[in-house]
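Heads up, the next two complexes both have chain A, just with different partners, chain B and then chain C.
Presenting the complex of A and B:
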């Protein structure tokens, strides 16, 4: 088992806390300090009901930085709402499975961070509609998330909104300017087509004999990577009526081109190359200066703060059209939440301009609230030693395609992963694989 | 089979002698109150549909045995009894002994350092690592049947960085000219354990989580191998085993997750001599979802059907201690998935004993006071390990639902059946069992781990073929003909 750096601290803590041989509490409750101040007057005993402070739990995934930022945000909320206590529940791995286990056991978190699988929950009635809360507060979602409403459409099913968008941002292109300069390649733009993109990756790939020492591009099996290529080529996963169309000529051509980058042109690492490099993701390879271009979310910026090379971001390029994934996460209320009003109050604050500010201050991610996204604090923040092209985010938002979210998102992804995994490992051909996926999705959607 | 009967007789006795094990003393106790509204779930065991043959359940001795094995006798015996004794504890049938690389001065946490026996090339000081050796013998003496010797890093002198924590940039840290020497080193030690210590080492595991970029900055032993390097080392090691005529099989390759295991599997399978020599593939369930396992099994069925699989390491990756049913049920969920989706023949937990503020360990300890705290994870693993013995065959089941996970097993001679039911729900449930093309044995004992009980014998007094399962519990039904 490989563990994080945080563990070293925990070792010391464990020795201190476990001295009694009992399991130490995971939450340390601070006792009030002894003071000389006069004790508060004890209220007379009455028969009036005592209002107990409400305690809410909020589950989320991510990193140590995410924990820090959520804590800061809920602390701000608790300062304003002393009658509501919020406990964070950080679930670093197997998030969905654990939350589902908690729901089954009747211990669901009150507020749940969700993303593309939101309707796996909403379709089972595990999270509640937020429509009444939005209406009661006269909350204008366009004011909060921009004219398009951001991800509120994706997080809605049958007219009901099930999660308030909290963090967002598009899949963007990161590129190593030093490598581009050395290769004499002009920097990427949204107007690049696949022809120019391929030409650049070939010029940016450096070999020492049979060994690639620098890759022009790096991606892999994560859905936003390959799916954005399908949409760039005019293809889609689902058509307007929600039916699968993944073996269209456009989609097949896109996956073929995507895989050719690895096996035909050899400008991007294969799964075996990743294993040899000791990682399963392009992000660390980009940060280590082994890759000229990679695509990831805005959160990738955090990993580059110590980069020793010059880099910048750009919107994704195109083929027949510009297309990129706008993803993020939202906050939903569990059906088992005992205090949905308090939970809504929390969510409303966390998605407000004030509640979103720490996302920017800590350079955690792109905020979902349009006021923060278009604010000076975000756009003018020092992300790098040199200014970077923040307009890439706005350009990307304009090129966002509607995510094919459905209650069967998880099952759909499983079909893709199982079949495309064979293509990406070069063990299967593209056309029959896409035909097989189409067939399996049709069957899945008919159930 | 005699052993099997002894285990079951002693299992019954366990509950009466629980004072010795520090678990609650319970005889047969009426339990879960069932109302008419209680949900009944019917599960059918398909007698004719056999899945994998089980090899056993275990845990690793890394990061604790070299300390706890040196504790005062009463305390270390207690730990050994809880883990290995089928009467006083959970009767693990597997133990993964960690063969250290030594020279761990750069590892801040002393529990993560592991001594090597080697003092010079080909020379060994067998008095080293005495505490871990005590625990290894204690496991054998309490009836553990299968032993794996696993290596996180070659000894420091064989590495590129001179450290057992990894190479500077996370590349392979085994020096290219040291493959043969590293192989001979492992062979020498396994031979010593087998011949001089009488430890029946069945498997040698030379590589651990090779796909990760183990950097020397890590605070634990580790060594990266690319697929080609893993294959090359395996070839050399197999040849060394052959020349030395050592009776041990290789356990490869302790993949850090299911998702990226296929890359190494394809490389190992590219050499038929290597592939045929591997009795199984060992994978860790870290960072892996149910969907990852389903996808992996489709890959295996298509490309390499029939190769047995082990789940050889897992713990929940979550900070903070938890000794309750909450984390125990998360573990039960993983065990159930690994047994019924990945069809693993062996399931092995990571560190059996933890001093950390983390959801690891089956037992928490405080090294300063040598205090021992049992967790519900210990007893839930016992719901499987104590009863599903090596050689049992898993039978396919139909039924169950999202909150009731049921798996079934029978002994090779069909005299004993074991059913494990995990009730995730916060409500009681009535389990009704049926047997397809066969008959359920009639003599039944019921062992429950829940907030109230630690693998305790309980009776529910229901009509024949139905059992009441407590909320958030794991129950083992033991049936004898």
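Presenting the complex of A and C:
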């Protein structure tokens, strides 16, 4: 009895091991097959579009509103292309983990919404280059996304574009007009330098003894906040060849100034102040009327609909140059997609002026297409009783610096967060910290 | 008869054995294979021998920091939690009015989801506005910034771990109730004081429960994750701050596997954690003959 059971267990075990052993070789075999397959199947798909409709899946993250808008846009596409059926795959949380699992499990979505981690996928060959599609359609990316090409530079690796920018919008300056009026400070413009900015924050900060009751400015540890200061000062995170240049005098000076706002001039909240205020983010503090200026993306507007004070938005100020982060997300095609032609057709439509219109109509986000971003529908969007300077987003587009997106973006951010956290807590000096980050990034990129 | 009994035995253990082999042992063995590769989740794994382990042991400074942090957390929070729960159980077991209410109150925290209690403690531990530091301020003490200071983040997490000793208490209470009252009656006749009774009767007879709590607590503490994930971010998505002072083994494993796409490396970390848990558990088991007493056991002294 005992022996037979042991035998049975061993059989099960060996079967399992065999299954595991097989898993690896099959993926190896699939590799070349997968790259051959689309080429072989594409003509078949285009030959017989009427008989067998193509089904595409599109994965995205976000909220109910996002689902609504994507559905609307996809419906518009399906009306024009009855032979292509698009299924939405809404992943509300742990987006990248779930997409990774799907890819690893061989059930990757055909079209994938990606953002800063796009090159984690592209460098591992999981999404395909869009260059040929763009060339075949003779699509001018500058016409579509503005003179700088928007996020197309950031979404490219070694000359290959891997995602078409879909939603965008820059880091913009939100300011409380009532506070500016009360302090007698003129409203911010993109021509402000750090001198004018600092002067304004000092006038806008109100103290009651030792406690600050109103901050002139608020930012923190999130990368767009400090990174935009580095680029405003003429610094960079990575140089043109993709090598880290974090401890340049420009970058060090920028972080020093950024941190001085908190500890030297005391016009912005420290991490401790944030913890006491029960938040990590300046957005709620601005909405509560505790902060005169803060920077965030387009989404901040929605949170201010019910604000009882007067506010507006402006492009980010400058120091040596104007610089701002353009957020957003792009649409990429999975290497496992069986109908890349159809997938491209979908992406091309979604990023066209027509396909982007619902983004504006539903007030979902800032559209990536420059025609929509500078169109009347977007500029005249009404968010509060008073008109808002919506052109701030379009005006920022030309100041956007190419995000230093690398395949190791997440690891890079981890190095920054760990080290800069000590500076932002006033426990470390800027220069040695930036030297340490530089050293760690060089080591990371050499791996 | 015997054969029938044996059949029942195999039938009853089958679900567990099946589940273990298919759902646990299989993935475990596969993860060991992965730990010898550079798998990035997407491209096929390539065999690289012991490179991941070599890197972990010789080059990765953060990994050693996480091992230190995890042991620091486990070696303080577990014994402290056991003392604390023994102490509370002793009083909850006294015939006080409304003891049922107190028992419920002490158990409730154990039923609160980890994420909720982590968020709650994030507020309690706020530097000036938090209730803990406000309480200390009553006595003129200037509390630390807890989660924001490298020296205080681990004590803060240990403090939080004491909040959920309810589960331990339930087990200890059950253990205490099962001690026959005759023992105490006999001791009382012999003139033993309540303190002597506690140390000579209650504590020795509770050692099996304490032993169980110790093993479970140790394994749980070595795998701590939720609190770190929720409470120690530095504004960005990063966790384990400040300056990795609260980065533990499992969060570090998670980062490497799911954020940095180094599944092979993460698998190697998982195996080192497995060995660490095994060794520590074995040590506790080995030591148990010296301090764990079972009622039926007869010992030569």
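Criterion: the second predicted complex is superposed on the first by the 382 of 447 C-alpha atoms of A that agree within 3 Å, B and C clash if a C-alpha of one lies under 4 Å from a C-alpha of the other, contacts with A are read in each partner's own complex, and residues count from 1 in each chain.
Here is the rule we go by: a residue touches a chain if its C-beta (ideal position, glycine included) is under 8 Å from a C-beta of that chain, and two chains touch if they have at least 3 such contacts.
Please read all numbers here as calculations on a predicted model, not as lab measurements.
Chemist: Which of the two partners, first being chain B and second being chain C, lies in contact with A:120: first, second, both, or neither?
Modeler: Touch status of A:120: second partner only.
Chemist: Considering only the touch criterion stated at the top, classify A:392 as touching first (chain B), second (chain C), both, or neither.
Modeler: Neither partner.
Chemist: Based on the superposed arrangement, let me know which partner A:410 touches: chain B (first), chain C (second), both, or neither?
Modeler: It touches chain B and chain C both.
Chemist: Could you say whether A:222 touches chain B, chain C, both of them, or neither, answering first, second, both or neither?
Modeler: The second partner, chain C, only.
Chemist: Identify the partner contact of A:430: answer first if only chain B is touched, second if only chain C is, both if each is, neither if none is.
Modeler: neither
Chemist: Name the contact category of A:291: first (chain B only), second (chain C only), both, or neither.
Modeler: Neither: A:291 stays clear of chain B and chain C.
Chemist: Touching A:104 in the superposition: chain B (first), chain C (second), both, neither?
Modeler: Both: A:104 reaches chain B and chain C.
Chemist: By the touch definition above, which chain A residues appear in both interfaces, chain B in one complex and chain C in the other?
Modeler: In chain A, residues 1, 5, 13, 17, 19-20, 23-24, 96-97, 100, 104, 271-272, 274-278, 280, 410, 413-414, 417-418, 421-422, 425, 427 are touched by chain B and also by chain C.
Chemist: With touch defined as at the start, can you tell me which chain B residues reach chain A in the complex?
Modeler: 108-109, 111, 170-171, 209-214, 218-220, 222, 224, 226-228, 256-257, 259-260, 262-264, 266-267, 284, 286-291, 294-295, 298-299, 302-303, 313, 315-323, 326, 329-330, 333, 350, 355-358, 364-369, 371-373, 375, 402-403, 424-427, 472
Chemist: Considering the complex alone, what residue numbers of chain C touch chain A?
Modeler: Going by the criterion above, the answer is residues 3, 6, 10, 17-18, 21-22, 25-26, 29-30, 33, 40-45, 122-123, 126-130, 145, 147-148, 150, 233-238, 241-244, 255, 258-261.
Chemist: Name, in rising order, each residue of chain A that touches chain B in their complex.
Modeler: 1-3, 5-8, 10-11, 13-15, 17-24, 26, 90-94, 96-98, 100-101, 104-107, 271-272, 274-280, 284, 410, 413-414, 417-418, 421-422, 425, 427
Chemist: Can you tell me which positions in chain A touch chain C when the two form their complex?
Modeler: Touching chain C: residues 1, 5, 9, 12-13, 16-17, 19-20, 23-24, 27-28, 31, 96-97, 100, 103-104, 120-121, 124-126, 220-223, 271-272, 274-278, 280-281, 408, 410-411, 413-414, 417-419, 421-422, 424-425, 427 of chain A.
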